[in-house]
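Each remark here refers to the structure printed beneath this line.
Labels for the chains are A, B, C and D, by order of writing; each one numbers its residues from 1.
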Amino acid sequence: MIKVGIVGGTGYTGVELLRLLAVHPDVKLTAITSRKEDGLPVADMFPSLRGRVDLAFSAPDKVDLKQCDVVFFATPHGVAMAQAPELLAAGVKVIDLAADFRLKDQASFEQWYKIPHTASHLLEEAVYGLPELNREAVKSALLIANPGCYPTTMQLGFVPLLKAGVIDAGSLIADAKSGVSGAGRKAEIGTLFSESSDNFKAYGVSGHRHTPETVAQLQRFTDQKVGLVFTPHLVPMIRGMHATLYARLTKDIDNAALQALFEEAYKDADFVDVMPFGSHPETRSTRGSNMLRLALHRPEQDGAPGNMVVILVVQDNLVKGASGQAVQCMNLMFGLPETTGLQQIALLP
Amino acid sequence: MIKVGIVGGTGYTGVELLRLLAVHPDVKLTAITSRKEDGLPVADMFPSLRGRVDLAFSAPDKVDLKQCDVVFFATPHGVAMAQAPELLAAGVKVIDLAADFRLKDQASFEQWYKIPHTASHLLEEAVYGLPELNREAVKSALLIANPGCYPTTMQLGFVPLLKAGVIDAGSLIADAKSGVSGAGRKAEIGTLFSESSDNFKAYGVSGHRHTPETVAQLQRFTDQKVGLVFTPHLVPMIRGMHATLYARLTKDIDNAALQALFEEAYKDADFVDVMPFGSHPETRSTRGSNMLRLALHRPEQDGAPGNMVVILVVQDNLVKGASGQAVQCMNLMFGLPETTGLQQIALLP
Amino acid sequence: MIKVGIVGGTGYTGVELLRLLAVHPDVKLTAITSRKEDGLPVADMFPSLRGRVDLAFSAPDKVDLKQCDVVFFATPHGVAMAQAPELLAAGVKVIDLAADFRLKDQASFEQWYKIPHTASHLLEEAVYGLPELNREAVKSALLIANPGCYPTTMQLGFVPLLKAGVIDAGSLIADAKSGVSGAGRKAEIGTLFSESSDNFKAYGVSGHRHTPETVAQLQRFTDQKVGLVFTPHLVPMIRGMHATLYARLTKDIDNAALQALFEEAYKDADFVDVMPFGSHPETRSTRGSNMLRLALHRPEQDGAPGNMVVILVVQDNLVKGASGQAVQCMNLMFGLPETTGLQQIALLP
Amino acid sequence: MIKVGIVGGTGYTGVELLRLLAVHPDVKLTAITSRKEDGLPVADMFPSLRGRVDLAFSAPDKVDLKQCDVVFFATPHGVAMAQAPELLAAGVKVIDLAADFRLKDQASFEQWYKIPHTASHLLEEAVYGLPELNREAVKSALLIANPGCYPTTMQLGFVPLLKAGVIDAGSLIADAKSGVSGAGRKAEIGTLFSESSDNFKAYGVSGHRHTPETVAQLQRFTDQKVGLVFTPHLVPMIRGMHATLYARLTKDIDNAALQALFEEAYKDADFVDVMPFGSHPETRSTRGSNMLRLALHRPEQDGAPGNMVVILVVQDNLVKGASGQAVQCMNLMFGLPETTGLQQIALLP
């Protein structure tokens, strides 16, 4: 059994890790820390876990995470970089669900996250935990930078086209929409029910932290210089992410060949479902599951296939976009089948 | 492996059966019928099942349900009564999620459901599938009448008090609230998003089919004559049911003793969670799971414990209130542990 | 023109006052205070008011509210009691939307609100601002205690029956459901979208501040001792309140006579709509309007009219349950037709 | 008083016309037709209108619409083209909220709407009812083709840039999101609450009727050939539309100059609010009002202003996107101030 520790279990990615790990056949939940909730049974905060998770939160100084085999950081940015070095030195693997190790470039990190990076020596070693694009590296990783939810959808949608060299990498557009849980379990007016329900808006249009992360990763797959306009929006739903991606075709390619690019790219990916050309994936088809679904469109212009390809991508932002992906990485790191404990079927309706 | 057939798999209880049975370790999904969707792969209608359920719908005359070990009817009222006799004669067990066999009294059935009962000879044999109150009978049942969602909450909430003889059975009040999925997957204006969202209303206040079912079942547990006012309401949420039950105490009993009545009644019930006295269970703590949670309150009057006990009961109307309970019955009927395949943890948030 | 000041305009009752008063033909918005937002244009916080309200928030010490004809307090409890005495002394009328003056009994106030009452000499003078039950007193009032949203629905639903002496006043039950905006515009985890959406729960079942307010008011209309069990619930909708009221009939009275009691009671009430017997009012039929709608039911027992009358009451908690009622009071206090500026039709769908 | 008739008042644009016209100071509601609901009081179907609209629905053959001054068609496509000729001949003005007269090109209409056009002689005469771009023509119009909700947002967002000649007209992208009420009040499974809530999806990505309408209108403002990729999505909210528009700049222009283009274009438009550069308009800031709000963004690329301008546009799809715009046209056609009866402030929260 893999002994698992969780740092910061009071947020949404934390409770989602608990939901997944509590039924994972190879995991023993060993410790979960929260400075503020020391002593509180986890199930008192999250009644959905009553009878299923017996742990209580521990203050960080009351528990020895070095006894774990792997520690997940479901914390705000800045926590993992402080604690990871000591854990890694003790032979504990680390999976960070925050941004501390997502950007290889320290200056870029500090520009976007406004804090100094105190463990920059680990940036090179950290493996970007997107198994579909990085599986072998994940398997041998000691430190995982788990991708954000937006970057996962953008990369899995654009990469097959970039690798094939059929689009203009310099004019990518990602119009993305997220459920409100993406904002986390924080007391803020902007994400109150009465502010977010029956409402729709964009945010961060002029600049968002997920842009440099995504551009840097996309750049790995093309020699062209990547240019990306990324527009996030807030949808009045709890879970779910929908990315509508636009790319300009630069090669003469028909729809069947486009579709084949994706089917080939993901033929071994258990968690990527390439739907038939022209489908409209719904976020709810992934609610609570680790699946990402995508479909291609080619809007006509003047009665002929146009030069724009539209890729629709959906996932559950808390599962494939966060905690499920982290467990997927853990499975690979410990030599388990990638799908272990991740076979939940989406809740529909 | 239990060979399972489903009649009428295009509704919400049908797709929920599929979600649960597709991961049930002892079940082989064998046939699913739909007159209208003959030949359509199930996963085309419900993309959440893509890659997980390979069956297609079959017209009823193209499949031999008698090859199954058990057949679930996830149909409107009237279908099970037409087909059950032949299946039972062939040795196939039957679990009806509709109302055909819930009322022992034929006249009452015909009054409330406005159709003649064509298999009234089976009414006596049918077992009411509420395992927590009827476990032994379910184990040996050949024909299960799976309870409705409202009756499940009302019975599990009232019965410990009725059995203890501490309340006035003649003045029960159940103020119940259901998510919209309880209305089924039917094209109707009243349950459109634009009609049901951001709205709340009662319905059927002057008389609802679940009243006679509940009264008849409650009557089994008391010598007093049961009187029940039942007020259903529609909540703008997909899944979930909340019953707020009011009973007038007729015995001098303190809160600890009340609590003990419930803890004792459900000490062997894996799917009933008696929360601490004074808790406020939330429907989401059961979303997608087969758990029912309840909690007791004793509002004060003039600074002393009043004579009214309030029982708050929550469940997922599609799971413990329908398909999960049906699978729970199946487990018992086939000698499996009651919780097999029903260990899903609620999706929160 | 009536010169109006608003203290505390950053909450939901504040912005709702602004929505109503900005189009009121006899009002001139003169000042709106907020200690925290001094200098911020109101329309920067609430873009719905862009081009319609030119005021900026002022710190309390930068504006002389004594120049106003009337001041509304859309503040937390405790603010109005501090400022009202000086305003009243200066001849300014005061309408408090909080609880400071709702309870005549100082001890009861201090028990439920946990703060000392610093203006208890005004408790007797304050007029309870429920025009339908108190119109004449409101007309001549200098200080209005505007009722809470729950108490408004409970009183308008129960009073005609209490006055007629046809029910048992000692066993009233109010099962009430509120939209989330009732919790105010405060950064709290419990009312985040991700916590409140797709969810339903009760709260404060063992004791709620609105119980003593309601009991005290109901007591004015009956010689029997009033006993009330009040159970509030949170509905995943922004606006709207639905009360389901239960009263036990003690007199032999038929349904037409019950209906007549309500029609007579509200025949002059422009904002109370007595719907046909057996109707199911929906909250959305009042969304954004100052209307309260109600309907009576008499569930059958054993095929005959039972002894329980069920009253369904709906309103918009921010309008008739708060700011609209406050404007209605203002109209009466200044000799205007009661409906002035309050003719908005509900937004449906 | 303008005598107004409404054909087809049982849908959402119909009831929204009633909400607006019932309080319009210069209108007398004279007739409202529905073949199916003949004799039913309008307020029985829409309780929000109780006490405010006394009309009953009339079968079309029981009422003489030629007595009206103006008739609104809130009907499916095909109805107005059948009845408009006779009304126009009788001197009655006609405002069609459906698509019958939106496309000047008959072949295009018949291709997209799959029905023959039986009044094609009126296509030339019909005036496209988008006052901000077409005010003078609307004033003298006898027959108005009221624009669809998507085309309104796209045109008001793109036209100032097209007219200024600063963008590539051939590569416009409109990623648009609509509340569910845009699908109308029709019994369909896809728009049930349980299907649409807590969900997000695109639809019609490969081709939508609003594309040719929008392209044809945009073409009026540029000599370049217009090319548009339009992607509609369904948002789980009742009302509201958000268009995220992308245009590639072809001229060197700074942000202040971009902003000035819009402020100049709409300086006389009472219902278009050009927000400060970089704002994020929310749909709820227009809920129930006739306002359209927009804001410009210029995402950076490599630390400098990029070559893409992003225009965010919001409106209430049932008001400015349908019935409010129709009333705005009526005001102009009858010489009234454009804002008469359209001063409702958005409902927030």
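Following the convention adopted for this analysis, a contact is a pair of C-beta atoms (placed from the backbone, for glycine too) under 8 Å apart; a residue touches a chain by one contact, two chains touch by 3 or more.
In this text the structure is predicted, and so the values were computed from the model without any measurement.
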item: Both-way neighbours, i.e. chains that touch subunit C and touch subunit A; value: B, D
item: Most distant chain from subunit B by Cα centroid; value: D
item: Chain centre separation in whole Å, for subunit D relative to subunit B (CA means); value: 45
item: Gap in Å, rounded to a whole number, between the CA centres of subunit D and subunit C; value: 36
item: Intercentroid distance (Cα basis), subunit C paired with subunit B, Å; value: 38
item: Residues of subunit B whose C-beta touches two or more other chains; value: 12, 179, 181, 185, 194-195, 197-198, 236-239, 281-282, 284, 287, 349
item: Arrangement of touching chains [line / ring / star / complete / other]; value: complete
item: In the complex, subunit B residues that touch subunit C; value: 171, 173, 175, 177, 179, 194-195, 197-203, 205-207, 227, 229-231, 233, 235-240, 242, 244, 246, 248, 278, 280-284, 287, 297-301, 306, 308, 310, 312, 314, 349
item: Contacting residues of subunit D [partner subunit C, same complex]; value: 12, 15, 19, 22-23, 46-52, 181, 185, 197-198, 238-239, 273, 275, 281-282, 284-289, 291, 293, 318, 343-349
item: Residue numbers on subunit A that touch subunit C, as the complex places them; value: 12, 179-181, 183, 185-189, 191-198, 236-238
